[in-house]
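Chain naming follows the written order as A, B, C and D, and within any one chain the residues start at number 1.
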Amino acid sequence: LGSIIGEKIKVLSYGESHGVGVGVVIDGFPSGFEVDMDYIRGFLDRRRPGSSEWVSARKESDEVEVLSGVFRGVTTGAPIHFSIKNKDARSDDYDHLETVYRPSHADFTYEQKYGLRDHRGGGRSSARITAGWVAAGALLHAYVSTHGMEIRSFVKQIYSHQISQLPTMEELRNMTDPICCPDPSISWAIQAEIKKARDDKDSLGGVVSTLATGIPVGLGEPVFGKLNARLASAVMSLNAVKGIQFGGGFDMVQHKGSEVNDAWSLQQGKPVTTSNFSGGIQGGISNGMPLYFETAFKPTATIGKEQNTLNTLGQQVVLEAHGRHDPCVVPRAVVIVESLTAIVLADLYLLNLTSNIRRMTL
Amino acid sequence: LGSIIGEKIKVLSYGESHGVGVGVVIDGFPSGFEVDMDYIRGFLDRRRPGSSEWVSARKESDEVEVLSGVFRGVTTGAPIHFSIKNKDARSDDYDHLETVYRPSHADFTYEQKYGLRDHRGGGRSSARITAGWVAAGALLHAYVSTHGMEIRSFVKQIYSHQISQLPTMEELRNMTDPICCPDPSISWAIQAEIKKARDDKDSLGGVVSTLATGIPVGLGEPVFGKLNARLASAVMSLNAVKGIQFGGGFDMVQHKGSEVNDAWSLQQGKPVTTSNFSGGIQGGISNGMPLYFETAFKPTATIGKEQNTLNTLGQQVVLEAHGRHDPCVVPRAVVIVESLTAIVLADLYLLNLTSNIRRMTL
Amino acid sequence: LGSIIGEKIKVLSYGESHGVGVGVVIDGFPSGFEVDMDYIRGFLDRRRPGSSEWVSARKESDEVEVLSGVFRGVTTGAPIHFSIKNKDARSDDYDHLETVYRPSHADFTYEQKYGLRDHRGGGRSSARITAGWVAAGALLHAYVSTHGMEIRSFVKQIYSHQISQLPTMEELRNMTDPICCPDPSISWAIQAEIKKARDDKDSLGGVVSTLATGIPVGLGEPVFGKLNARLASAVMSLNAVKGIQFGGGFDMVQHKGSEVNDAWSLQQGKPVTTSNFSGGIQGGISNGMPLYFETAFKPTATIGKEQNTLNTLGQQVVLEAHGRHDPCVVPRAVVIVESLTAIVLADLYLLNLTSNIRRMTL
Amino acid sequence: LGSIIGEKIKVLSYGESHGVGVGVVIDGFPSGFEVDMDYIRGFLDRRRPGSSEWVSARKESDEVEVLSGVFRGVTTGAPIHFSIKNKDARSDDYDHLETVYRPSHADFTYEQKYGLRDHRGGGRSSARITAGWVAAGALLHAYVSTHGMEIRSFVKQIYSHQISQLPTMEELRNMTDPICCPDPSISWAIQAEIKKARDDKDSLGGVVSTLATGIPVGLGEPVFGKLNARLASAVMSLNAVKGIQFGGGFDMVQHKGSEVNDAWSLQQGKPVTTSNFSGGIQGGISNGMPLYFETAFKPTATIGKEQNTLNTLGQQVVLEAHGRHDPCVVPRAVVIVESLTAIVLADLYLLNLTSNIRRMTL
């Protein structure tokens, strides 16, 4: 309970940072879909550590193996299993952490909840397990794109550096920025800031934005399965995420209804709203306008600086992290948010197909 | 699908604004719990419209009837049914809305998704249905309080008026403010602002904060059933909510890891964190520190001002709301957020009881 | 947990025999379906006690009220609530049972599981609650019939009297037998036997058969959501059911594979099997042939004869049932089995619509 | 949907007969349980083909690998993954079946439902996937045995040969029969019959009985999660199972209530029933008496004899099976039924722990 996400498509995540590997099993995905392994590998490459100077030095090739559910390159309707082995797990690096509760980590809570914990590299609470989520997300991203949906996440802000204007989908599609920031000058400033944080043995957080277009009207199940509720729940599954806001978000608090209501009008014969403070969702259901939301990542909890904390005997100790860590995980998190968004949209898309007698019988 | 929340305790919501009534059925609640109807009525009274000058004039006594699951005042383990009849539904007030898509409402999305909609008072998308949620929430609030948990929500901000300091649980417990704002001078300013908005036929949004103490360590199911993910999902079920943040939230983006990490130390022999930027949750699991999160409500979509929008024929029309509406729902939403929090905590509390072999066999 | 059946259509049952009433809430049913209340009342009439001399004397009109989910006679996609009040509950008749564990009843198990029980008329374990199931079943029976499915249950055997030949769907359609037995001479013998059992203060069991035609190929979800698994689970929800068999059932044990394999052949260009020992299900999925299964009902546990048993103090007592009971519930159970079958088929029908990419995109 | 069984413990099955392998992932199992790999291997050995002269010649060592959820030999609360590779898959043997619908197999139904199928060795519909179920079942069998539950299945009947008296748990515990039949003379007759069937290129079915003792009172969730409903649903997941009956089963139809009611009495101060026609279940809840049920297996559908059937072009063809098949799967099915029973009991055991406030707070 807790390792499964989705209702019509159930994605089960398993694995630990330094165990045999991580993976996902996807139950309920339709048969007859061609699986593009290059597409999936492309997603995994975007998440992979070790690919540049400012991210963790752990080298994982993240080769994904399909263990079930695909026959001759096509899904069969049976559970699809993506397995990714751990190859560069250096558990010895974590020996000194077995008896320490790191600040703002899951060490204390896992140990209290379960009575024991796999301390090696964070075990089950490690971001390593998101490799599996990204493999599943890539498949579902490909799937929803065949139904016209385009989903792109990007870095809106890291530390104090934020872009001044939201990019268009066109601009995102053509973006080649190494840290997924659509404004080159901001990207440059962020990269410098991340290097500085690394040198300072400190860490940084940021805001990842997600824009999705081509969303059919009707996705989201009232009243507890709303599109925004499902997205919030999915994205909160990432440990570092501490906030999410849709459309105008927290800023709308400072405005009046007359300023932020989204009026309907016709554009080329199609109903659109003249503004999009709703972020593409009304009453928990997609309204056909671009989906937009922002996710706040706190600074990575693992830092090299000395910190005071407790050990498992209740003694005050000074912790200095070794291991291999990212001073800022936000750039790597972009593809994870994109993947989780795809998982939610695919699930709600299939659910929505049976909402309406008339649509079903057509 | 979509009308059920919870995993061990499943709460099913039914009903419409202007139908026969609204209610909830609660499946999976343990037997042997004494149901305090006054406690439940107290919660419903806090949500009820018609109780002061700045809220909707709809008069609903919200009498709750227990239709099943309780025998001689005690729960039996069978589904508990709370039914609340609609009494002051004036559906005629809504006749003119049958063919209009109101801005930032669920009219268009429901009609597209389902091919038809109950337009009377918003139908299923009305906040009227939260009366049922509050009845369920009150029961579960009483339940978790027997396990030492105290949950209190309050108004942190409405429009530009926000409190400058977070209240303690002690202060919240003694608060008697009519709009649930812990700072009397801010409350006064807010009340004036709401009256002004009402006179202007406009509306206001705000921020509701929730503080909960006495939370046992261990609530939350990794990795997709995290405490924060469940709370986010629950609170997003309220139509006007457009954002949620936990602990330090979005503000942490502007700080470094060394500034916002929560270090462990001992206080009277008990492990505590010296700060609480995590909001009481680490790795998705409660860590024993106070739970804290904030919820952003956009201004109420229903306003009296004239607005341009489309009718169901695709024609541009001018809409002027009649009906009975709140210029600001935030004060009434406080008890709803508190109720949803109780639903999530009770559910995860029961789930957690079976997480650990050693705890189970004690 | 336990009061909800179904996956795409979730049916929640609530209520007790002598509480305020019983009912169901149906979540996930598509919008746009016209609800025929006469059809539903017709189903409830078939289940209703008090309608003939050999059934319980409890008089319940079983008036069903629609509390939500239907607008202008059509489903809206919101939860549909059917409520049935208890009117002729004479709880005093059961006072003497509060401290007794009746043989082969749920008294002991409920009290041990929950620590208390609503002893009035069996409380939650009473067959009274199936009135709600039948209301839901009637709606879904109507629904699947619009997709060409016809479901009919009948009495195959009561005590030692059993029909010698299975009826055709045509014969079942035209059957007017008061106890739903397709062979008039057997029906006559059964009716005499039931009256004798009533006079003897004893009770009888029997076998209910179910035949369903027009089932589309493809219903059933491998591997744990098989059509037969779902039907078995649903029908076992009836307290008196102690066995179920599909197609050739237990008898096939005595045959060889070459005798009971169902070979495929063409009939008017359509693939059919030349025999139907599989009962219309292969690999857990409907194969387009008639669905056929049989359900064994033990004799009603409530009898008027004196019986030795224990009271709640652990003392040996002699029990003589008062109250109002059926000497044989099997004839009334026919419509309940039919209803549960409809619930399962409707659910799997909707699930199957999204099994196959190619079918979905047509 | 369909590949997951269980509510508090969710067991996800994946894999195909001739794919990379098969396996299970178990979510929701408590932490702190020592995993006895020998116990699991012992279960797998009992299911394994190739271990005697009358079963399939396919040689699979069924080595189980633990990919996650276990740390230093103890469960961590994270998903537990048992993976079993396919080693002796000779897919070429099945080439001729790609275009044929075998009688009483899942070929036609899978192809119609999904639009394609993995024909190699039955693909997803193969009994090969039960290797994963048995691995999961072994773990949960070990778990429930630590709570005093003992579960043993055995061969009651194959073809016309059936034992005349039910064995005691003591006798089952000491049984060493190669085909799991407690009566040696019947076992001998059955073995001869199976060899004859093999020589005749035919197949046999049978009845597997399950006896479980030490079941705590209270397992089973009314009204749709009854112990018998869950067991029936689980056991029906085996393709060849066509019937199930509890306690007195179908035979009770021929008796009167006064003959088969189970009266309560005291035995050494403990409430017991003087007979057990209920099979240990009353009102869907375990009553502390031995659990007993019987499962009917039809003869294996795969036979060597020539059979008429259709190919995928709709042409009549004559099929002669090659491949490697069991003339009778019933002996190998014993451990699978035992495993499925353990899965259901473990799940309901954990669910029951939170049924009752008073028990919880002790």
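One rule holds for everything that comes next: contacts are C-beta pairs under 8 Å (C-beta built on N, C-alpha and C of every residue); 3 or more make two chains touch, one makes a residue touch a chain.
Because the structure is predicted, anything quoted here is derived from the model rather than measured.
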**Item:** A-C or A-D, whichever has more C-beta pairs in contact
**Value:** A-D
**Complete:** In terms of CA centroids, furthest away from chain B sits chain D
**Prompt:** How big is the gap, in whole Å, between where the Cα atoms of chain A centre and where those of chain C centre?
**Reply:** 45
**Complete:** Distance between the CA centroids of chain A and chain D (whole Å) is 39
**Prompt:** For chain A, what residues touch not just one other chain but two or more?
**Reply:** 1-4, 8, 13, 31-32, 77-78, 110, 113-115, 124, 222, 355-358
**Request:** Enumerate the contact residues on chain B facing chain A in the complex.
**Result:** 1-5, 7, 13, 101, 103-106, 108-110, 112-115, 124-125, 129, 157-160, 197, 200, 202-207, 217-218, 220-226, 228-230, 232-234, 236-237, 239, 242-250, 252-266, 269, 271, 273, 277-279, 282-288, 296-303, 305, 307-310, 314, 316, 351-352, 355-359
**Prompt:** Residues of chain D touching chain A in their complex?
**Reply:** 1-4, 8, 10, 12-16, 19-23, 25, 27-28, 31-32, 65-69, 71, 74, 76-79, 81, 83, 110, 113-118, 123-124
**Message:** So in the complex, the part of chain C that touches chain A is made up of which residues?
**Reply:** 8, 30-33, 75, 77-78, 222, 350, 353-358, 360
